[in-house]
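Next come two complexes built around subunit A: one with subunit B, the other with subunit C.
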Partner chain A sequence: MSLLEVKDLKTYFFTDKGVQKAVDGVSFSIDPGETLGLVGESGSGKTVTALSILNLVDEPGKIVGGDILLEGKSLLPLKASDLTQIRGRDISVVFQEPLTALNPVLTIGNQITEQIMAHMKMSYRDAKERALLAMKEVRLKDSDRLFYDYPHRLSGGMRQRAMIAMALCLRPKLLIADEPTTALDVTIQAEILRLLVEIKERHNMSVLFITHDLGIIANIADKVCVMRSGKIVESAKVEDIFYNPKADYTKQLLEAVVKIPEDMRIA
Partner chain B sequence: MLNFIIRRTLLIVPMLIGISLITFVIAHLAPGDPTSIRYGLNPEVSQSARAKLKEMYGLDKPIIVQFGLWLKRIAMLDFGNSFIDDRPVIHKIAERLPATLLLNIAALFVIYILAIPIGISSAVKANSKYDRVMTIILFAGYATPSFWFALLLIWFFGFNLGWFPISGMRPWYVEYFTFFESIKDLLWRLVLPVATTSLLSLANLSRYMRSSMLEVLRQDYIRTARAKGLSEYLVVYKHALKNALLPIVTIASMILPALLSGSFIIETIFGWPGMGRLGYESIMNYDYPTTMGVVIIATFLTLLGLLIADITYAIVDPRIRYE
Partner chain C sequence: MISVKHLKKYFPIKKGLLQRAQGYVKAVDDISFSVAKQETLGLAGESGSGKTTTARLILNLLKADGGEILFDGEDILRLDRNKIMGIRSKMQIIFQDPFSSLNPRMRIREIIAEGITIHRHMTSKETDKSVDEVLEMVGLPSGYKSRYPHQFSGGERQRIGIARAIIVRPEFIVCDEPVSSLDVSIQAKILNLLKDLKERLKLTYIFITHDLSVVATICERVAVMHNGKIVEIGDTRTIFTNPREEYTRRLLRSIPIPDPSRRRHFNK
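Moving on, here comes the complex of A and B:
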């Protein structure tokens, strides 16, 4: 049985100017330990798809159709209180902008421990221990000091590491990574990607990796879904996407990639 | 930080001088002078007697010279004597200041206690029926002139219902009360003046709180907090509120001057023996030393309030450090 199954998902935005079909009949599934890459241009509905899985779409957006199953159980009919149990514990998210995704007036330590304490019956002392461990796992140097630091004192890469520590501290079954490296510079991108792959392998997690960067997909994904205008235009194994693309749009995307000589590639 | 506090405290001095110069000039430019109010309409007082009086008060010199002399005395913390009863201005103000502080601090307290929850609840339920009704009430409150509102309160609660006393702070019979009774009486008498004083700023601040909260609820870190599986309570009261309160701290610096200047009217209407009424009376009587004294003290309190707001801001927002 697949870990996550998205069936014919439809998320529409009801604006004054009319209905915007951000996600219009998207289906895919992720097996345990598998990495699914969701690729597409800006505005193709990748992020809305990810947010729909956790029912985090803001007004005026609404999930109007389809189903989302986690280990065979539908997430859509869940009450808000049951949903909070799944968010952050079974399914975690790393967002695109580490600059704005962390709360500026709470310390890093506070933001990690609160997540642990929201899901586990644990004393603050134990939660802190666990948070420090998570910070070490993502290789945040000097974690004892960083624990009491505010986000604005950290670099972009360090903040993204803190976000990853937060997302992974409870060993989720599924990690949704929504363009986790887009806002970072290239050398840091490579480090963060390597870190994600390493942690994923170690804990046999499933990952839904959202990006517009085909280079990253080639490196880490098992399966790929190509999205455009709220629909999936092609979905296949990663080798097939690169060597044997079917849809015209996928071919166009591949042609648009800047070619880098083999010996200069990362990872 | 210490450096910043010292610098800001020193900055108060030129601001005080500038504000007092403007007030001094305006007060003296107003038609009439102290001699006209007491002797101007009395045919038995000769012009030479008035001239002598003017000379005694130093009013025959050019305004700028008068201001210089006044400034020289102020520099030695001598506020001069009142033209009306010749008592030292500083004593007159010292008598009145506690009543004004009591009224305004009570009002500030009421404003924050009410405005923050109103703002939060309106933002969380934005565009709901509750939010709409609240918006109408607050705008009505914002648009209501406070002197008119004061008269309405006096007429309805003081006169028709007889629930609250309509005037005064400490009646003559208060000395027969026990300590507890006298406090109760004071609180009772505070209700109407505080309600009037709070109205405008309450409307103002809760709208600020609402928009600040709405702004924060749209931020990425709120989505992160939800994605982490925190309860809605934690999302609103821990993650959002702490950020939304930051601008509200500095708005206190806008409320304080409004409250103090409002005191001039409200204290007069409610017969409140505060500095505002003293200022009002001194203006009506061309009592320049008292007017200037009241202005200086009120300005100083306002600037002090601004300084405290800035310091508080640095304490609550970890991103701000004054160097």
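Moving on, here comes the complex of A and C:
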């Protein structure tokens, strides 16, 4: 059985200027341990798709159709309190800008500890232990000291590691990563991506990876959905998308992407 | 055409009540390079490497703390004001974010013509003709003249930014991350436009970017910067295929290449 199944999802935004069909009949599924890459340009609807899965779509947006199933159970009819339990424990998320997602007045350690205690019956001491373990897993150097540091004192790469530690401390079954490395330098990006792949494999976690970057998709996704104007124009295994694209739009994207020519790549 | 020698820019770190300098950030730390006529040199590096500071020093938007910048043999750091104004019109800049660099209250015609109204004396008819001409060069219809910047897409705004730069007939343009905020499908089009214009107008570029794929696409030579210094400089193909410095190697290995067969390579 698929871990996550999205069926004919429709999320519309009802504005003064009319109805914006941000997500318009999107379907895909993710198996346990699988990484699905959702790729598209700005405004294609990829982020709204992620927010819909988390039921975090704000007014004037609304899920108007379709279904979202986690291990066969629909998430849409759930009460807010049940959803809060699922978010963080079964599904967690890492966003692009960790500084806006982290609470500036809480130390890194306390944020992770709080996250653990919100979802599990645990003493502060045990939760702290588990938080430190999570910080070590994402290789935050000097985690005993960093535990008591505030987010603004960390570099961008370290903040993103802290975000990942927070997202992974409860061993979620699904991680939604929405452009998690877009704001980072390329060497830091590579470290974070390698870390994600490593942790995913260790825990057999599923990942929904959202990005505009075809290079990242090629290097981490098993399956790919290409989105445009709220619809999935093509979905296939990563090799098929890159070596045997079917949809014209996929072909155009691959053609357009600025890349290092084959004969100029480092061995 | 441009020759930079031992260029330095140190920013003081001020602390305490008296704001005394406690030390310096060596943003640009003794760098030297030159750019030949009609060549494109890439200044590549990550954030904080000093690439943008270097560009601002060359354009005289920042005061250097040492070194020389020779433009056609003249040291622009030591010229008087009048001569600098003369050289300024030969140099232009294209910014990363076309939206923030375009005045939202000005129509496209005014935005594009601003440079010639400052640098040259022209009648309204002549100005119109020049604007039409550069709009054609950047691939925009002349009807766009009476519109405002917010009515355009990112790619179109960048074309307007380019039109605005080339209208004064510069010899040299600093391109500061001109495609970084654009969608994938637009980036290549803008790079191609810049390539065409270089040929057509015999331009010389310094191309500032963090994106080595962009360097591979448009720069004949590249200087890799790190912590205010040039780590390695030379022919782009040579540096990409056979980097000498460990930092350059690490940078090149970090680029996710859109080809799944390279995956094992990337995750190593």
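The rule is simple: the second predicted complex is superposed on the first by the 260 of 267 C-alpha atoms of A that agree within 3 Å, B and C clash if a C-alpha of one lies under 4 Å from a C-alpha of the other, contacts with A are read in each partner's own complex, and residues count from 1 in each chain.
Methods note: contacts are C-beta pairs under 8 Å (C-beta built on N, C-alpha and C of every residue); 3 or more make two chains touch, one makes a residue touch a chain.
What you see is a predicted model; the values in this text were computed from it and never measured.
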Practice task
Would you check which partner chain A:Thr187 touches, where first means subunit B only, second means subunit C only, and both and neither mean what they say?
Solution key: second
Practice task
Report for A:Ala256: first if it touches subunit B alone, second if subunit C alone, otherwise both or neither.
Solution key: second
Exercise for the section: Pick one for A:Leu36: touches subunit B only (first), subunit C only (second), both, or neither. Expected result: neither
Practice task
Using the superposition on chain A described above, determine whether A:Ile216 touches subunit B (first), subunit C (second), both, or neither.
Solution key: second
Exercise for the section: Go through the superposed model and pick first if A:Glu239 touches only subunit B, second if only subunit C, both, or neither. Expected result: second
Problem - Residues on subunit A lying within both footprints (that of subunit B and that of subunit C) - result: none
Handout entry: subunit B partner contacts - residues on subunit A that touch it in the complex
Key = 51, 54, 56, 58, 80-81, 84-89, 92-93, 95, 97, 100-106, 114-115, 118-119, 150, 152, 163, 166
Fill in the blank from the handout: The residues of subunit B that touch subunit A in their complex are 218-221, 223-232, 234, 238-239, 242-243, 246, 316-319
Exercise for the section: Going by the contact rule at the top, pick out the subunit C residues touching subunit A in the complex. Expected result: 46-47, 179, 183-185, 187-189, 191, 210-214, 216-217, 236-237, 240-241, 243, 249-260, 262-263, 266-267
Practice task
Sort out for me which residues of subunit A touch subunit C in the complex.
Solution key: 41-42, 185-187, 189-190, 193-194, 197, 212-220, 238-239, 242-243, 252-254, 256-261, 263-267
